[in-house]
Structure formats: structure tokens, C-alpha cells
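Take a look at the structure below.
Chain lettering (A, B and C) follows the sequence in which the chains are written, and residue indices restart at 1 in each chain.
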Amino acid sequence: MSVALELHDVRKSFGRTQIINGVNLTVGKSERHAIIGPNGAGKSTLFNLISGRFPLSSGSIVLDGQDITNSAPNDINRRGLARSFQITNIFAKMSVFENVRCALLWSSGHRYSFWHRMGFLSGVNERAQEIVERIGLARRRDRLAGVLSYAEQRALEIGITIAGGAEVILLDEPTAGMSHSETADAVELIRTVTQGKTLVMVEHDMGVIFGLADRISVLVYGKVLATGTPAQIRANPAVREAYLGAVAE
Amino acid sequence: MEFFVVQLLNSLSYGLLLFMLSSGLTLIFSMMGVLNFAHASFYMLGAYFAYQISQHIGFWPALVLAPLLVGVLGAATERWGLRTAHKYGHVAELLFTFGLFYLIEEVVHLIWGRAPVDYRIPAALDFSAFTIFSTSYPAYRVFMMVMSVVMLLSLYLLLTRTRIGLIIQASLSHPHMVEALGHNVPRVFMLVFGGGCALAGLAGVIGGNAFVTEPGMAAAVGTIVFVVVVFGGMGSLAGAFIASLFFGAVQTFSVALDHSLAGLLESLGVALDTSSGWYDVLSLSIAQMAPVLPYLLMVLMLVFRPMGLLGTRET
Amino acid sequence: MKADTSALRMPLPAVPDTRFALGRQVATWGLVAAVMIVLPMLFTQGFSLSMLSQMGIAVIFALSYNMLLGQTGMLSFGHAVHFGLGSFVCAHALNRIGAGEFGLPVTLIPLVGGFAGLAFGIVFGYVTTKRSGTPFAMISLGIAEMVAASALMFPGFFGGEGGITTNRVLGDPVMGVSYGPQIEVYYLIAGWCLACMIAMFALTQTPLGRMANAVRDNAERVRFVGYNPTRVRYWMFCLASFFAGIAGGLATINYEIVTAETLGLMASGNVLVMAFVGGVGHFFGPVIGAVLVSFLQSALSTYTKAWLLYFGLFFVMMVLFAPGGIASLFAVHGAPLRHGLFRRLIPGYLLSGVCLLVMVLGFVALVEMLYHVEQGADMGTEFDLFGLHIDVTGAASWLAAGAVFIAGLVLFVLTLPVIRRAWTHVHGELQARDAA
């Protein structure tokens, strides 16, 4: 199994508070890897470090053999890593279609062009349309993203994340706040759109995790407590203790 | 030496006056996140109100009444103007105060005309306080400094010793937390806005007759106060204080200095080609460059240290 | 970070979708061109011709400003810097051409202004666009003040207080055009105005234009789809400076004089007001604003000394009650119009409109009377207003004006619920039809 993403002794502190205390993590290509842990364990911070939102205090991150430690978020994205956000983070005053189109413009090579007309970028428009259909928002195509329902906005969030065709996808609590049926739809969506790609996700819903993940890492107090297959994690006594039986339902 | 001491005193009185303006603006800016373009307009209103009141009942009542009046106007502005604009975000707020700046200037035109008004130093304070070497120093300047220091001390006591002061301090650094604790933040905003305007009004009362009371006085001092606040840093009264004194000194001293880069080079024995276009640039004296300096410093500060001198967070 | 952009967010409607049919675009621009050609034939006095020229320049300038505020979310207080510097460079270029130092047809002079604006945009934009939100606004203000202050430091380039004068008539007429008569200058401005409008509209339909909208909406997210928001802002800043410079060049040709005022804070504030009043959320908003504000500035100032007061009040009221500008007032009526519901709104509008008019009349009377009192000696104490004779020394006039104003205000406030009820009804109806 070749490696997609590697974290070596990653540390992060805000002021005197250590949030991430030396995380080592290896995610293989095409693997679906879930990160779980109690609140405040540093899961979102870890995502912010990987995606370049915050600088590391120490350690290094390697994406597909290239060192991306402390690169700018846009550089990391161009190298094939895309992320979603826990709090919906979309372009609220643009249409669903425009949201997706903006997200795949860079990867289509048009950069800061002011001599191409958007309407005539046929490859881009077709791909955007395809993604809008895949995330199930075809009927909402021309609606402003800000007026969509919560579940629809979460779907759009995933659409923006995958639009650029990144090989490594980071999803931060993609089903948070959803109802049961919405969650089931979201899991299906995540499964299809990340087919053949590397997925790292933070999730609280154990059903989602055990349904999707190939491997799981448990993050507690900024450290990886255990990594393994769902079955291994379920059986791990240390994890059980950390979760006070929450896993063993 | 004589020149230096007199200029130092002048820069101190001017710097303290600037602080009276910038302290209110800093409080407003830090708490509400909006740079009030019209802040100096309230300074101007203070001067004009004081002029009008002193025409009828004298300077001393004006010293109390004018700032109060300006404060009430400020609070009303917050309540019926800014609060509405706030709903549409910071751009609308900024534009509202920007429009207010022009509006107040026009109202002043309308009521008091375009020429300076005859707002004079009261006779009781129109004498020489002391003599430095051969220059006699006016008592009114001393009065200005005393007033500023008294104001400064009362502001300090208000902020550290009273309940409302503690709430204001807390909302300087953590506005959302204060709201979460159940304080009526809009009312605190209104009080702070009114209070800040009253301070600006007071500065107008004591500055208007020391300098000149005219419709252009708001524009003249407005951008400098901006510079002071941005330079001093968001949420920092201490920063605003240091920046006020600093820019008071920069403005007072630089206009009096005739030195230029060309002069320096020539005294170092460098021969300069006076016909070249660069000579124009090199021969600019510090006095000529004085108007640019504050803005240059502000831009550099914003680019390299956006939190300002002593700021606690980014603007 | 995120707070930066959300802090500067306003209710901005979406830019219409790209697939604006080509035919419709050609028709729109054809109509604009036709209007531009016909206007000077309808308004033939010299006064209107110079006003139309002024409007053409203002339209380019306001649209270029909106590339910053409306499209990229950058509130600049220093856009006139690029207009003014472009103007000065053009004045020097014209003078050099006049002196025979080099040759360039006057028709292309605005391009010189454009490149001058662009050059300064590249320099100033590099510093300014490193920040967004309020710091951006403050830096732009600082640079505007710096440039304005340096105008007095370098009299060689800026001509000191008097400014730089120039002559737009150079050499022999080309194809019968000498740019001596104002009408020829008008058509030059109109031609450039149309070209710039089309170019700036086309820009909104490009990847850069679209990413500018994305940066305006959510700069944080833009960084995670591969774009550098600072770069997007920088590009937009440079291009906006280019168009501002073109407008500045046209101003040089039009007025044949450039003073330091053209790059000052007042001028920057003016273009901001034009764009905002027109509506920054719509492409054509600033066009409406530029035309209206130019008109008011020329027309109102001939009637009353208090015009800046009226204008300032109008602006503040727009900020408070119609922050989307005039364009948004049109836009909100689009749906009711299409569904034939507009007539439900008419009674309320008429009712409140009349009350508003009464209030404005009273207010104007009060303001004009105040002006007459203040300027007593120069203006006299008696004057005619709206066909009425007013004597500011008598209490009757004051009482009457005050009463009219207060009655208008009270009635206006009382009639507002009628409009509100009508809108509630229209909204309900629209939603019902949308669901069906």
C-alpha cells in the first residue's frame, strides 16, 4: 500500500496550551481513514494543520511524497488535498452552480485569467454540472447557496471540496447536525464521491464511521491513542476506557 | 534649547488634546469595530457649541454644557443611526459615519457660515503663566494640559473602579463574551459612543479657542486621530496615549525643522547636481514632508504590524 | 482570517448567471450606444453637453470603483488617486505632444492615462491588497492622504495650487476631428465609455471576475480551493486602477486642466458615493449612481447653496434605509412586476410618496430660510420658494414651514404600515406561486 499522507511528530500549541502533542499518522492511498476522539481532543486543529490553515509548532507533514509543512492553504490544495469545514463554509451569495464552478476553476488551469469567458469554458461547465448532479442539487442549481437547507448546504460543502479533483479529501464532521435519513444520504454521497480517493474524516457518529472507514485513529489529548481497523478499535481496551464505553454500544 | 522646551510643551498640550479625541475613538473602534469617520465632527461641534454658549452665558458653563450636549447627540446618533446601519455590516457603518462627517460640516456651514467664528480664550485665562528663557508661555495652554490630565485620570478611574468601566474593559477584548454574560451590549455601545463623543466635544471646547473654530477643523484633525488610533492599536488606551503624544510631537516639531536630505549630504561633502529631478526630492525639508509622515507611518504599521503598537488583536 | 471578510459583508445579490444569451448582450450594448449617440441631439445647450461629458467620465470611474467594492469587497477611500495620477500624466503627455517631443493621436490619450493608473495601481496595490477589510480601507485612506499631501510637495509635476493646464487641440484635424468643439469631445468620451463598460462587464464573466466575487463572499474558503485571495485582490486592484486612469485621461481632455483636487479624499469619497447610491450589487448600479450624482451636482448646485446638505442627507438615508442602492430598489420590484402584483403596492407608494413630498417641502423651506438668516446680508431676508413668498424675519413663515415638515413626517411614518402590509401580501402571494 503506497502512502498518501504522512504526519511526523506534529505539534501545535496556542500560547502555553499544547493542543497537538506529537501526532504520527500514515494514511495509505485510497484508504478511508476516520479520526475519532472526545471533544477537545484536537481533531479539527489537526485538520487545520494538515490543510495549512494554521502553522505547525513543530513536526512535518508529507503529502504524496512532497513536504507540505507550513505551505499556504492554496499551495496545499493545488498539490491535491482538499478539505471541508465543520461549520458550513460556502459562498453564500453565489448560486450552487457558481459555488462548484469556483471550486474547480484552479484545477482546470484557468487561474487568474481575465481573457476567458466563463460561459465558454465548456469542460469546466460540464464538470460543474456533473458535480451538482452528483451531490443531488440539480434542482437547486441556480439557487443562492445561502438560502439552501442545512443538509443541502452540507452536501454543497462536500461538492466544493471534491470539485477540484483532489486525490486526498479531508472531511470535518460531514454529518454533524443531520437527521437520521439525512445522515444515511450523506454517507452514500461520501461513499460515491470519494470512490478511489484517499479520505480522512473527523466524525462523531459511530454508525457513519464503522460504515465508511477502513481504518480508524483515536485522538485523545492531542495524541494518537490507537490506530487500527474498526474491529481492532472496537476491541481495544484503552479506547474503551477513553470513551467510557461509548464505542461498545 | 529655548526652542526645544517651548516646542516640547506645545507638543505635549497638542498630544494630550489628541488623546482626548483618540481615547473615545479607540473605545468605540475596539468595542464596535467601526472606525467613526465623524468623530472629529463631534470635536468641531463641541467647539461651536462652546462658542455659542459662551456668547450668552460665558465660557465656564460652556465647558460643562457643550460636552454634555455633544454626548447626547452622539448617543442619539448611535441609537437611531449607527444601530440601523449595523444590521448591514461594517461597510454600511463606515459609510454612515462617512456621510455623517459631510453632513455635520454642511450643518455647520448652514448655521455658523463658512468663515471662522470668533471663539476666544476667556479673559480669566488670557495671561502669561510663566516665562521660559525669553518666551512667555500662555496660561491657557497650561489650562489645556491640566484639563486633559484631569480627564485622563477620571477616565482611568471610571474604567478601573466602576462596574460599567469593568464591563467596557471586558468588551474591549471580548465583546462576544460580555454579551454572553447577559449584559445589555447595545446600551453599553450607546453609552460608550455618547461618552466618546462627549470627550471629543470637550476637546473641541478647550481646543477650539486655542486653535481656530472653523468648518474645516474636523477634516484637519480627523485623519490624524484615525492615524493615532490605528497606530496605537486596537483595544489599547495605553497605545492611543503613546501614539497621541508621539504624533503630537511629530506634528509640532517637524513643521519647525528646515533640514533636508540634500542639506545633510552637502554638509557631508557630497556634491549634488541641482538640475537633476532627484534634487527636488532630496531638497525637501522635514517641514515640507510633515503632512505625509503620519500617513506613511500608519500605512507601514498596518502592513507590517496590523495590530498596532500595543494592540491586542488585529483591526 | 474569516472575520476579515465577514466584517465587510453587505446584502449583495448574486451576479446574474453567465449564460446571458449573446443576442441579449448585443442588444443591450446596442441600446446603450444608441442612447449615447442620441442624447446630445436631444439636449443641445452647451450646459447639457458638458454635463453629459462629465457623466460619461463618471460612469467609467464609478464602474471601475465597483470592481473593488461591489465585486471584490474592497472598500477603498483612495480610488481617485489613480484617476488623478492618470489625469496628470495625460496632461503632461498632451503638453509634450504639443511641444513636438513625441506623437500620439489625442484619441488614444486616455490609454496613456490607463497605463499610468495601472502603473500606480501595481505599486500601491502591492501594499494595499496585502490586507482586507477595515485595514484595507485604512491603508487606502493613508495612501490617498499621502499622495494628496505630496501633490503640494512636488509642484514640478502637480503644478502646485493652480494645477497643470493643457491644450487638447493638437496639430491638424484628423478626418475632420480636431477635438476643439465640445461635441467632438463628448463623442470621444462616449466611445471610450462604451468600450470600457463592455470591457468591465466582460471582466465579470471571466474566471478572475468570478473568483473576485468568491473572495468578496468568503476569502477564507477561496484559499482552500486553490486560489490566493491576495492575488485575486491585487489583480482586481490593478485592473480597476487601469480603468480609473482612462477616466482620468478623459477628464484631462475634457477640462484641459488638472488640479490636485482630482486625487484628493473628496474625489475618492465622491466616487464611493456614486457607486453606493447606484447600488454596488448590480453591474449597472454604479452607472445609475454616476449619472444621478453628476446630474445632482450640476443641477442642484445652480439652484441652492445648501445642495451639499441635501445630498449628504440623501446619502445617509440611502445607507440607512436602502443599502443596496437604487439598483436594488428596482430589483426588488422585478418579481412583483413579472407576476402582475405590482399594482398592489401602488396605493401605499402613492400615499407615502405624497406625505414624503410634503415633509421634504417643509424641510427644504426650513433649510433655505436658515441659509438666508445666516447669510443675511448677501441673500436678503425675503425670497420665493415653490411659488410662495417667504420672509425669514417673520415668525409666520417659520411656523408654517415647521408645521409642514412635522405634519409630513408624522403622516409619512403613519402611512408606512400600508406599504408594509402590501409587501407582506405580495411576499405571501409570491411564495404561494413559487411552491405551486
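As a working rule, a residue touches a chain if its C-beta (ideal position, glycine included) is under 8 Å from a C-beta of that chain, and two chains touch if they have at least 3 such contacts.
For clarity, every value in this text was computed on a predicted model and none was experimentally measured.
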item: Contact graph of the chains (line, ring, star, complete, other); value: line
item: Identifier of the chain whose CA centre is least distant from the whole-structure CA centre; value: C
item: Centre-to-centre distance between chain C and chain A (centres being mean Cα positions), rounded to whole Å; value: 43
item: Centroid distance [mean C-alpha coordinates] between chain C and chain B, Å; value: 31
item: Cα-centroid distance, chain A relative to chain B, in whole angstrom; value: 49
item: Where chain A touches two or more other chains, by residue; value: none
item: Chain A-facing residues of chain C, complex; value: 12-15, 17-20, 202-203, 205-211, 213-214, 216-218, 220-228, 231-232, 235, 239
item: Chain C residues within the chain B interface of the complex; value: 7-11, 69, 75, 127, 130-131, 133-135, 137-139, 141-143, 145-146, 149-150, 152-154, 156, 265, 269, 272-273, 276, 306, 308-309, 312-313, 315-316, 319-321, 323, 367, 370-371, 374-375
item: Chain A - residues contacting chain C, complex; value: 51, 53, 72-74, 77-78, 82-83, 85, 89-95, 97-98, 101-107, 110-119, 121, 142, 144, 160, 163-164
item: Chain C-facing residues of chain B, complex; value: 33, 35, 81, 84-85, 88-92, 94-96, 98-100, 102-103, 106-107, 109-113, 223, 226-227, 230, 277, 280-281, 284, 288-289, 291-292, 295-296, 298-299, 302-303, 306, 314-315
